[in-house]
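Sending over a structure as structure tokens; questions will come in a sec.
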Amino acid sequence: MRRGGAILPFFVTGCSGVQTMMGGEGAEGANFIQLFTVFMIVCTVMYLIVAIALIAAVWRRRNAALTLDNRRHHESSNAVRPALIGWTALIAVGLIGLTIASFFTDRSNAANGSNPQLSLTVTANQWWWDVEYSSPDASKTVRTANEIHLPVGIPVEIKLKSNDVIHSFWIPNLAGKQDLIPGRETDAQLLPRKTGLYRGQCAEFCGVQHAQMALDITVESKADFQRWYAAQLQPAPPPANPLQRAGYNYFTTRECGSCHNISGTPATGQVAPDLTHFASRRSIAAGALPMNTGNLYGWVADPQSQKPGNRMPTVGLKADDLHALVAYLETLK
Amino acid sequence: MSLHPSFTEDVSALPTHAFSYRSLTWWGISAFMVIEGGFFVLTIASYFFLMSQEQEWAPRPWEPPGLVAGTLFTLAMLASEIPNTMIKKAAESYDLAKVQKLLVVMTGIGVVLFVFRAFEFNSLNVLWTDNAYGSIIWALLFLHTTHVVTDWGDTLVLWRLMKTPHGEDPRRFVDVEENALYWRFVWLTWLPIYALIYWVPRFFR
Amino acid sequence: MSSRFRSSALALALVAALCGCDREERQTRGKPLGETVPASASPDTVFPGTGKLPPLDPRAAAYEGNAAAISEGQRLYNWMNCSGCHFHGGGGMGVALMDGKWRYGGRIDQIAASIVEGRPNGMPAWRGKLTEQQVWQLAAYVRTLSGQVRKDAVSARADELSNTPPQTQTKREPLSPSDSDQQ
Amino acid sequence: MTPAERAKQPPAKVPRDGPDLTGPELHEKLEATWENPPGFIGWLSSVDHKDIGRRYIVTALVFLALAGALAIAMRLQLSKPDNDLIGAARYNEIFTMHGTTMMFLFAVPVMQGMQVYLTPLMLGTRNTAFPRLNAFSYWMYLAGGALLWVAFVLNIGPDMGWFAYPPLSGPQYGVGKRVDMWAQMITFTEVAALAAAVSLVATILKQKAPGMGLARMPIFVWATLVTSLMVIFSMPSVALASGMLLSDRLVGTQFYNPVERGDALLWQHLFWFFGHPEVYIIFLPATGFVSEIVATFSRRTIVGYPIVVMSLVATGILAFGLWVHHMFATGLPRIGYSFYTAASMSVSIPTGLQIFCWIATLWEGRPRLQVPLLYVIGFIFTFVIGGLTGVMIAAVPLDLQLHDTYFIVAHFHYVLIGGAVFPLLGAITYWYPKATGRLMSDRLGKISFWMIFLGFQLAFFPMHIAGINGMPRRVYTYPAGMGLELPNLLSTIGSLVVAVAVLLFVINLVVSLRSGRKAEPNPWDAASLEWATSCAPPKYNFPHLPIVDSRTPLWDAGEKLPVVHGLRVEDREVLLTTVMSAKPDLREPSAEPSPWPFIAALATSAMFISSIFSPWAVVFGTVPVAVALTAWFWPKSPKPEREPVIS
């Protein structure tokens, strides 16, 4: 889908591709590349005209006499008027053409979202994403955080809300952005066309940790998606060994459970990310750290040095409790 | 000076003051009226923007503002245009004694208006902290009050000024005339605000 | 302007910067700590009429009147559902927090102790459920409900239903510890 | 004698300029009338537009340096991924201060400073229409800037971005006094900008040289008129928005609280209704600079004067219809998208026409490649890129991707630095001899031009790529492995080059003050009236006020400049002319120096600043303000009308 790539090799150098406008893995993202290419061509032509005219104008009489011609300082040659008319016409035609191209792209984008077959709600918080796959059947509702799984080729409608300040929902590989505004409900339509792992990020400044408010997107086959969904519906597995049990006890009776929820346990906090299947995610703390044991230790021990200013306090865990908690959290696949 | 002057036109016979748009300060006052009018227009735009968020206006259970004080204020405001026009005329004919007398009248009218205005704040039936409706109603009334206060202060100062030997200076009559112009602005802007504070909340619920 | 004027202005600015305002500084670094009760405040010491109060806990200084701490406390007040009983300070199931009457003491460390220990008749103990920092932040916020804190550290309202007069206008209620008998 | 009789009196017999009173004798008398009172108080009391303009420009350049230093700090933090040179909270303060300072304390004031300095000279008058208002404007600006920066130094500087979107800037999430400091700084700068704009509009409409009808005004004056009117129409919007924000934060109004039926988007509408014209308030004076410089250095009048003027006016009007394009991502009705797109793009038509006229002027003329013209050429090369990326982001489908990314950062730096700062640097070089009497070093000027031009491209072009590779704005760090390392490193290097170049420019400014080549009255052989008086101009600007009968008076005058005579020399007096055709109409007194504007500014500052802490300050604070204003407007003691007759 990298149609723009042929024309704009410069723009795609060095892209690893998880968070780029030049990905085009979604219908709207692909439309963007097409339209952007059209604009680039037109704008480049216009720029070259201006640049060449400017260079020629300065170069033309570089050796002319340096005196002011008092009699004729206001006269212009006959070429100015036709050139002006031509230039105006060129701008007008160019702008009309670009507006029309933009109009049709917009129509195409609007059509993408006309018939959604999957609906989810993303609620932004300082600085993480609360994700809920709603279903008329309450027992089929899945709640997760900082990750979205989407089946390929299926139009999705995402309802967007905010619990605090204005954020912006942006997965450049799939589509343009849409703000999440407290007191309003907005929505975004996605039509992913290619399986893959992408990254989204908050695009509206939302406070101290705006830079680390990302979102992992997995576009997968429909079968994979359904497998994932079924797994998400399960409650968290019970702890299997004494260490995990100690972590479970700490989590459910102490500070952690005041804010976090783990389905199937007494931890029912609703103000922080749902951790029921935490260990199956790709990252910790809204994309701040890749998911691995080392980062998990670092995060749980002192979240404030990993992502200063975020809402998770540094508890000051004893080493035993830390080991136990991490061991338990890693079971939450 | 690089070029030698060639004396082409003598301007010493030109007058040193004039009324209306020939005067420099008229342009300054007009510009400030445009600025403040801009404030009012934008506040009114915000009013309608916030109104569009509500199903009814004033939103229940809030009652629309009581009419008495606001209407009295409006009537007094309209009546004040009579002495205001007289003062403008008197200034344009350099009638110092009349200007001095009418400035006292205008200052007195201002005091009456303040009394009505105080009761207006008391009759809004909503606090600025209650909701956005209350906030914008208070904002409109507050904004307009600042204008009444400003022009009243100006009138007061002019009244004192015209009693000094400065009152003999023809240029001061231009000041008086422009003060009268500003007062027109103050009461003209009040009329839409009166409708927005007192009547629109009655019609849209 | 003389250079002396400029250098003295610079010196002033430096002095100002050195003794600067950290009352708005966000404290992001949590301090690792053990089991914590604000040390000086236990039910014995805060109960009215039992003698002199111990000196104020030194940790209070970092929270009392600190805008960032108060703001965090305000959020925790909602997050931990304090409003479920105390409402927005007006009281309901729980006691009113905006009237300056304190059965267990109205100093920030005394309030912190009340949060940690819990109190009879329904106030749960938050020991171990909140970190010490969070408790202090909550206590700092609770103090603002009765206007005990400087007005430039509080905000007029939160983005919620308007149910109290703006905090910036809250009158400072005199602290009166001994009204408990009447309640 | 009644006032009515007094008004009809024939002109008093007092000393007047004319054939009988000219040359050194006139100079001595006018100098005595127009000079500042002695000492520090006299310095504070100055109402000379040249003093005020100079103060504006110097102060704005200091703020440029401060905000530039912050830019360097940000670039160092972003030079590599996951850098921890500057923490998140501090970085947010820094970018907020950078944007706020550049927009409110550098760009608009420096343009107004240039306008205040140049407009009366270009119009051939002695001072601005409201000199005391102008002085007040400067002191308010200084106080607002000082408030913001003192707050920053004291660690209570704003941290929510220069756009201050609630709820982030609101009472719940904008913790402490940070946002209040920002919002009150807005009030200060709005008052300052509005005051200066009012004075400029009245000056332009009423104090043109006799014969200088609207169609003969220099294009820079046209640009000043349009931008001043834009200030008048747009600034109330942000002042209202920030007033509502302050009242939300301080007295608990609910304007932006969605739970109480307020709306966060109300802020965005009001802010951008100001914010978009703001861009043109910065850019249009720059087009004025460019038009003047192009004409002078091509040694011919500008091609298509009416087209350039109409373009200015059209841009000024269109600018008020475009604010929505800052809000495409907020979920506006889709039905309007194409309309917004077309409207936003249409503003490129007048700009395209202006660029045509400048190039045509160069084509038709005989360009001299001196430093001011180099900046203009650099401006066209750079600005057109910014304009074209502007066309891209006018298209909704493109903007929804590009919005709030580094692509936008690149776009508006191309527009604002390329479009406004380059012409400004050219203009400073161009008018420096007028203000100081000496020319800037040409060699140093060329070196710093090339360094700024190339350094700028290196700093900002890679930001387009960073944006396309998915880098959002206003992030203090970014992860490795997303293709962001190289563009960011190049940007950092480029920004350092620009910093060194700007330093060279400043060195040039300072050194030339002492050792630059002495300037003739008209060192560039230019055509407009400011070059008719000496470099630097005397306090009274012109010994005799010139008469104009073409757009290029100095090129058409020949050996002798036609002037009017008969103005008082022992009292400050200016000549008023009619609005459209500039016929002499009145001689009005011009304000004397006074410390009251300064005192009024102090009183107003005290009221504004204390209102952050108590709303009652609005009530009690008005008393000293009213006292100061009364003293300011109280006329000086009436002099006896009849003075000794001079022979």
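The first chain written gets the first letter, and so on, giving A, B, C and D; residue counts start at 1 in each chain.
The definition used in the following text is that contacts are C-beta pairs under 8 Å (C-beta built on N, C-alpha and C of every residue); 3 or more make two chains touch, one makes a residue touch a chain.
Here the structure is a predicted model, which is why all the values come from computation and not from measurement.
> Check B-D against B-C and say which one is joined by more contacting C-beta pairs.
B-D
> Using CA atoms only, can you tell me which chain is the most central one in this structure?
That would be D.
> Going by the average position of its CA atoms, which chain sits the greatest distance from chain D?
Taking each chain's C-alpha mean as its centre, the farthest from chain D is C.
> Report, in whole Å, the distance between the mean C-alpha point of chain B and the mean C-alpha point of chain D.
Each chain reduced to its C-alpha mean, chain B and chain D end up 30 Å apart.
> Please tell me the distance, in whole Å, between the geometric centres of chain B and chain C computed from their C-alpha atoms.
The answer is 46 Å.
> Could you tell me the distance, in whole angstrom, between the mean C-alpha positions of chain C and chain D?
46
> Taking the mean of the CA coordinates per chain, how far is chain A from chain C in Å?
The computed centroid separation for chain A versus chain C comes out at 38 Å.
> Where in chain B do residues touch two or more of the other chains?
129-131
> Going by the contact rule already set, what residues in chain A reach two or more other chains?
In chain A, residues 164, 182, 208, 308-309 touch at least two other chains, as defined above.
> Give the residues of chain C touching no fewer than two other chains, as numbers and ranges.
26, 28, 157, 159, 162, 165-166
> Run through the chains and report each pair that touches.
A-C, A-D, B-C, B-D, C-D
> Spell out the residues on chain C that touch chain A in their complex, using ranges where they run on.
26, 28-34, 75, 79-80, 128-134, 159
> Touching chain B in the complex: which residues of chain D?
Against chain B, chain D makes touches at 1-4, 6-7, 10-11, 16, 18-19, 22, 129-130, 133, 194, 197-199, 201-202, 205-206, 210, 232-233, 235-237, 239-240, 244, 247, 251-255, 257, 260-263, 266, 269-270, 273, 520-522, 531-534, 542-544, 547, 554, 557, 559-567, 573, 575-576, 579, 584-589, 622, 626, 630, 633-635, 638.
> Using the touch rule from the top, collect the residues of chain D that touch chain C in their complex.
Going through chain D, the ones touching chain C are 87, 89, 150, 153-156, 167, 170-178, 248-254, 257-260, 612-614.
> Per the contact definition, I'd like the list of chain C residues that touch chain D in the complex.
13, 16-17, 20-26, 28, 67-68, 70-71, 74, 151-153, 155-162, 165-169
> Using the touch definition up top, name the residues of chain A that touch chain D in the complex.
10-11, 13-16, 18-22, 28-29, 31-32, 35-36, 39, 43, 46-47, 50-51, 53-54, 56-58, 60-62, 64-70, 72-74, 76-77, 80, 83-84, 87-88, 91-92, 95, 98-99, 101-103, 105-106, 109-110, 126, 164-166, 168, 170, 172, 175-179, 181-184, 186-187, 199, 201-212, 287, 308-309
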